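Here the chain labels run A, B, C and D in written order, and each chain numbers its own residues starting at 1.
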Amino acid sequence: MAVRIQRQDFDLAAEVRALSQGRHDIGAVVTFSGLCRDEAGTLSALELEHYPGMAEAQITRICEEAVGRFGLQAVSAIHRYGEILPGENIVLVVTASPHRQAAFDGASFIMDFLKTSAPFWKKEHGADGSAGGWVSAKDEDDSARDRWSKD
Amino acid sequence: MAVRIQRQDFDLAAEVRALSQGRHDIGAVVTFSGLCRDEAGTLSALELEHYPGMAEAQITRICEEAVGRFGLQAVSAIHRYGEILPGENIVLVVTASPHRQAAFDGASFIMDFLKTSAPFWKKEHGADGSAGGWVSAKDEDDSARDRWSKD
Amino acid sequence: MARVDLVYFAWVRERIGKAEETLELPESVVTAGELLAYLKTLGEEYETALEHENVIRVAINQEHVDHHEPIAGAREIALFPPMTGG
Amino acid sequence: MARVDLVYFAWVRERIGKAEETLELPESVVTAGELLAYLKTLGEEYETALEHENVIRVAINQEHVDHHEPIAGAREIALFPPMTGG
């Protein structure tokens, strides 16, 4: 399991290779890349603040939970911080398992918890030079997380 | 939308780049890689037979259905044929959308239908030189496909 | 009599012993299911290949069809086992 | 009196006007919720930052806790808005 919090971009292919190379027991690898989106052209950049230490610890806890729950063979999670431009990567999750459903579910589970319980905060800076505001948490993200609750 | 049936391996990073580069409207990219698995060490290779023409047509139909159903912004699907060794890639699906759930669902939907309705057949060749047999279709793959049926 | 190209894949191809052939079909053969029944009269290899008719998949002009579909207008009919791609 | 490091993030940090500080807490402050109430007595900037107490998230020694959790033994307590990562 590899968890990294970093300023620089990541290399998708290198991360997948690191996790699957030389193994013959993996049947499915799912990657999720989250990108900085700006359909309206009103954003100059996102500024990502994080809580060093807790960010790593919390993402590690989420990934460990996913490994146990879905029987994943390997997981990598990378979250960037600092200034991120439209079209750039923000987050990467990679999961590996013998069968496809576990790899899909594992990556989806990790993303849902990462959105709502990893200590990161996004601030928008406007293309017009405006100071921008903090992005609000979305109710739909809470709902997405809550669907994983066991009875 | 890009659909390719090819003998050679694919380059995951290049496929993701081709689909997302220069765009600022994509928020989520999901990739699924299916690999040739051989936990027991009894397999020397898989031989993948396909129906040329229909394979492309069928995967294109599946991808078009996914684009419409989940509102995907872009899709790529690559399926290899010929001899594939343990640990090698068999299939790649890449989906892009503004939000994560559509990208996850789109890739999962395409894989479920690809398993059960794209004209490919796998034959196993044993590590002991045995001729090997044709891989049987799995009931669980039919079930995975059927969960997408609308009422 | 209708002339049609038949293509076979995987163990259907192996058991019939060829990958493709062109046949003249009697007019009594109307549906895909009737085509399977007719082919089984052509020899032991067809009988073995198509023994379990219900698992044999049929595509007309590269599109899946049910066994009750008429084959009129078919240029190419493919017979194959359940698919195992992905 | 218990000595504790407090750290603030995002708009909680901006409104309080600092990223961290060390405070001596009176012994009457037992839970995370009581800490929030105490901080609001320290000045207008705290009052503004913590106005809607129910949205403020609390982590003790880098683990999330509910507002009713006791803070005894905390070395570091973090206050921040709902997270928006991913």
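Some points to look at:
Convention: a residue touches a chain if its C-beta (ideal position, glycine included) is under 8 Å from a C-beta of that chain, and two chains touch if they have at least 3 such contacts.
Here the structure is a predicted model, which is why all the values come from computation and not from measurement.
Farthest from chain A, judged by the mean position of CA atoms in each chain, is C. Between chain B and chain C, the centres computed from C-alpha atoms are 26 Å apart.
Taking each chain's centre as the mean of its C-alpha atoms, chain B lies 49 Å from chain D.
One inter-chain figure worth recording: chain C and chain D are separated by 73 Å, centre to centre, where each centre is the mean of the chain's CA atoms.
Contact with two or more other chains is made by residues 34, 100, 111 of chain B. Counting partner chains per residue, chain D shows two or more touched chains at residues 86. If you check each pair of chains against the touch rule, the ones that pass are A-B, A-D, B-C. Put simply, chain B touches chain C in their complex at residues 34, 48-51, 53-55, 57-58, 79, 90-91, 111, 114-123, 134-137. Within the complex formed with chain A, the residues of chain D that make contact are 7, 9-11, 59, 62-64, 78, 80-86. Those residues of chain A that touch chain B in the complex are listed here as 11-13, 16, 20, 22-39, 41, 86-87, 98, 100-101, 103-104, 107-108, 111, 144.
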